[in-house]
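Next come two complexes built around chain A: one with chain B, the other with chain C.
And now, the complex of A and B:
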């Protein structure tokens, strides 16, 4: 999967993992912050939910909680992490 | 004063074995001394999991009873060994239980069998219903008074204790058997695991290097008696007061500054007229997670300043026993006051302000506080006094009248004044609920939560200028709780070995009540009751008691259930009677309060509410209904319509038919709102808009609990 396809695939899976039914996936900006204000406003439980999603869907493990904040900064950040770590 | 709830006996079964005294002594041991590897407990297979150390109760094997009942019955036998209830009329003995997951362990096995394709028919799902905990105890001891189960995650049994004490001080019961029980299970082990909250070794509550919890299991029992019935019994302790609140902040995380707990402790001290300096011990919730312990420390600093009482956590001795931890704390705290030695906080070395006690500490003090926190920002604090020493009289019930100001419903039936058209299933589409709320805001609420939110919003819309905040309670009833989310979580574990954290945090029975509190900012008492077909009446009873007692002025009371997997299974176990309505997703909610709770004029006034075990004789039930009406100055001829939630089969069905005949015909709520455990929530809603008059509702549960509610539409 090339990078563009991966980015759009991640968005699709975010909609499902975060229960965003009804929200068009392209409305999630590739650089929109996933956590904190001004973005999707995800919280620490969502971060864990995404750890599970990334492991199941891409076979990539995120390791510990502290690493998660950088990996899940945005869809682009997550795509970079998956590309760098997938087998 | 004479109705002060007095503890006359205790029973406890946990990692230290059976015996409240043995547990008290074990609480002086080092951290993790009683913990063992979960894998060695033989409870369920543990694929891929390394080391999980737990405080398991040993010596229980599979039987017809679920494990939580086996453990609880061991505690019950201890508590009843000296016949503390002798001479108390059976219909004056209430049973109040607290459990987070009840018999989920057995349901998990049943679900696994179904997922593997084999037909499960052993009825193990009935223990999924948390109400089975109070029911099994009431049946075993022959209690015929109120019988309710509270399921507010880790504060469950603290809420059961509070409810029992209020029932005694209000005069609804002369004695109460209060229980707390929870076992290890996949849902809790994998759930807390998925949240990365399990300690890698042995927990160290309040320590700077704490890394999470060890789960444990326990069954605890306290027998309470109104002081006037004490007779020759020895009083171990008395409950002086309680304070229960909701953070209304987050589904799982406590408020970072412990604001809700601070309010709970302050309310407890204030309502018991206790000076902070009189508190000799604070038995902490102290789970050993970063968030819990720092919230608790912040609350202690805020309430006590520099003068915090000696405190410790028992979790490093017994593990976190979830819904049982509140009663476990209360039992050990009472024992510590009696013995005069406080147990240390094992595993702590440094980093907390104030610091817990690290070695046994002598005390001559008379008053201890016991605290519990639960998912949903649920906080509870109890004040316990040694022996028969409580000099202050309890607040007692006031004569405050209770009004209904607004009602709302979520139902597949668009016009509740007309019969439901669906034949077998009346489901709601989760995505269509709360259509005006953006997806980003509502995404975490599952269907049942959205139903409660939607109905509550309807109730508040009719109550202009409703004052909510810290003096508003939320009391939500549900027979099956968050069944779909529970199923979703268990499937993620059983099928994929990949537990979903959000489904876990959403699986607790109080997920709806905490969502309602958060959305509307209700920071007072918050509970989830479950009692089969009379769950709603149990919830109304709690809200009414809080408003009458003065700790709240108003509140949202609601009852709702969905008709998915677990409900279907219920239908398979219980053949439906002739004329049964379609199974449905439904929820009804009310904004109730004392006089002047909002600017709108009240729509109705609650005149009477009574819950007890039904007599097998229908004539007795008629007599009791007439008596209850008479207590409210009414007779059956004053009642303009009688409601009944659901038809039942067999002897109970004949009782309903008899009463229906005597009272001029029941209107069955299942015909309008559909059939589920919370159909009884729709009675008041159905009566509004019919003009002024007296209405009554007789609800009979499949486990023979009867509730009579009488109200006047204004």
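And now, the complex of A and C:
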């Protein structure tokens, strides 16, 4: 899977994993902040669901909470992390 | 229930008050209890804003009207003061605080299943003493919690510490604490935290003392996702200087989702809490507008 396909796949799985009904995956900007104001406004339970989704779907662990804030900064940041860490 | 309830996390006692009690503890707990009798009376008589939530709780647990200035409220405040003094004495290694354990065998049993163990506690009785016992028996156990106490008081109390407290895994300073909790539980660790206070994030509703209250969703979601055992631990004072721990299992095995686990877990948590508070009604220490009447 090339990077563009991965970014698209992440958006699709993010909508599904977080039950973001009514939010088309195309409407999620690749650099839109996932957490905090001005972004998707996800919360701490969503962070957990993202960790599980990334583990299950891409085989990549995010066990460090300090790393998580950078990894989940945006879809692009998450794609970079998956590419760098998948086996 | 009214709106969401705020909690500042800071104690009512000041620096000099804390210092006075620490000095008295060097003599023993009884002189400190003696001074506490007057401090508790002052608190009930002159800190009406802080006593009103105590009266509200006491009315709910007793089913009777309770005035702010009353022996019942005084008993609660005195009990709270005792718990602080006992905790300080316990961690300083002075005094003669004893703990009868009825929960740690269950923790060991849960851990033997090879999964992580999430321990949920509440601001009741000697919860801090229970954390010290946990650290002594399970050195790799970690706690999650925010220490919002004033720095000078925290430093003062820490300076008297002779007994280890558990490692703090995360302090809720950002939204990623569940990531650390989930990773620890997946690694088979014991993680302990309070679940009785709604800190403002995603929460699940439950019934408690006739009111609708909320418990944070994240602990239950972490445990459910990690396949961890969930135990609710209580530590109550049975008599002066003597505490007893109790354990109740919270079963999330039938829950279909993380949100479902939070709803079910919160319901079981507050049901257990109410059951024990009816036995130890004065050992409830959420002295703020917990039920949201002032919101």
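Simple rule for what comes next: the second predicted complex is superposed on the first by the 87 of 87 C-alpha atoms of A that agree within 3 Å, B and C clash if a C-alpha of one lies under 4 Å from a C-alpha of the other, contacts with A are read in each partner's own complex, and residues count from 1 in each chain.
Everything below uses one rule, namely that contacts are C-beta pairs under 8 Å (C-beta built on N, C-alpha and C of every residue); 3 or more make two chains touch, one makes a residue touch a chain.
Bear in mind the structure is a predicted one, so any value in this text is a computation, not a measurement.
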item	value
Partner chain in contact with A:45 - chain B first, chain C second, else both or neither	both
Chain B versus chain C as contact partner of A:63, first or second or both or neither	second
Chain B versus chain C as contact partner of A:77, first or second or both or neither	neither
Touching partner for A:35 - first (chain B), second (chain C), both, neither	second
Chain A residues contacted in one complex by chain B, in the other by chain C	43-45, 48-49, 52, 65
Interfacial residue positions of chain B with respect to chain A in the complex	194-196, 250-253, 431, 439-440, 443-444, 496, 498-502, 505
Of chain A, residues touching chain B in the complex	18-23, 40-41, 43-46, 48-49, 52, 55-56, 65
Contact set on chain A toward chain C in their complex	35, 42-45, 47-49, 51-52, 61-66, 68-69, 72
Touch list for chain C against partner chain A, complex	170, 174-180, 182-183, 186, 201-202, 217-218, 221-222, 225, 258, 262
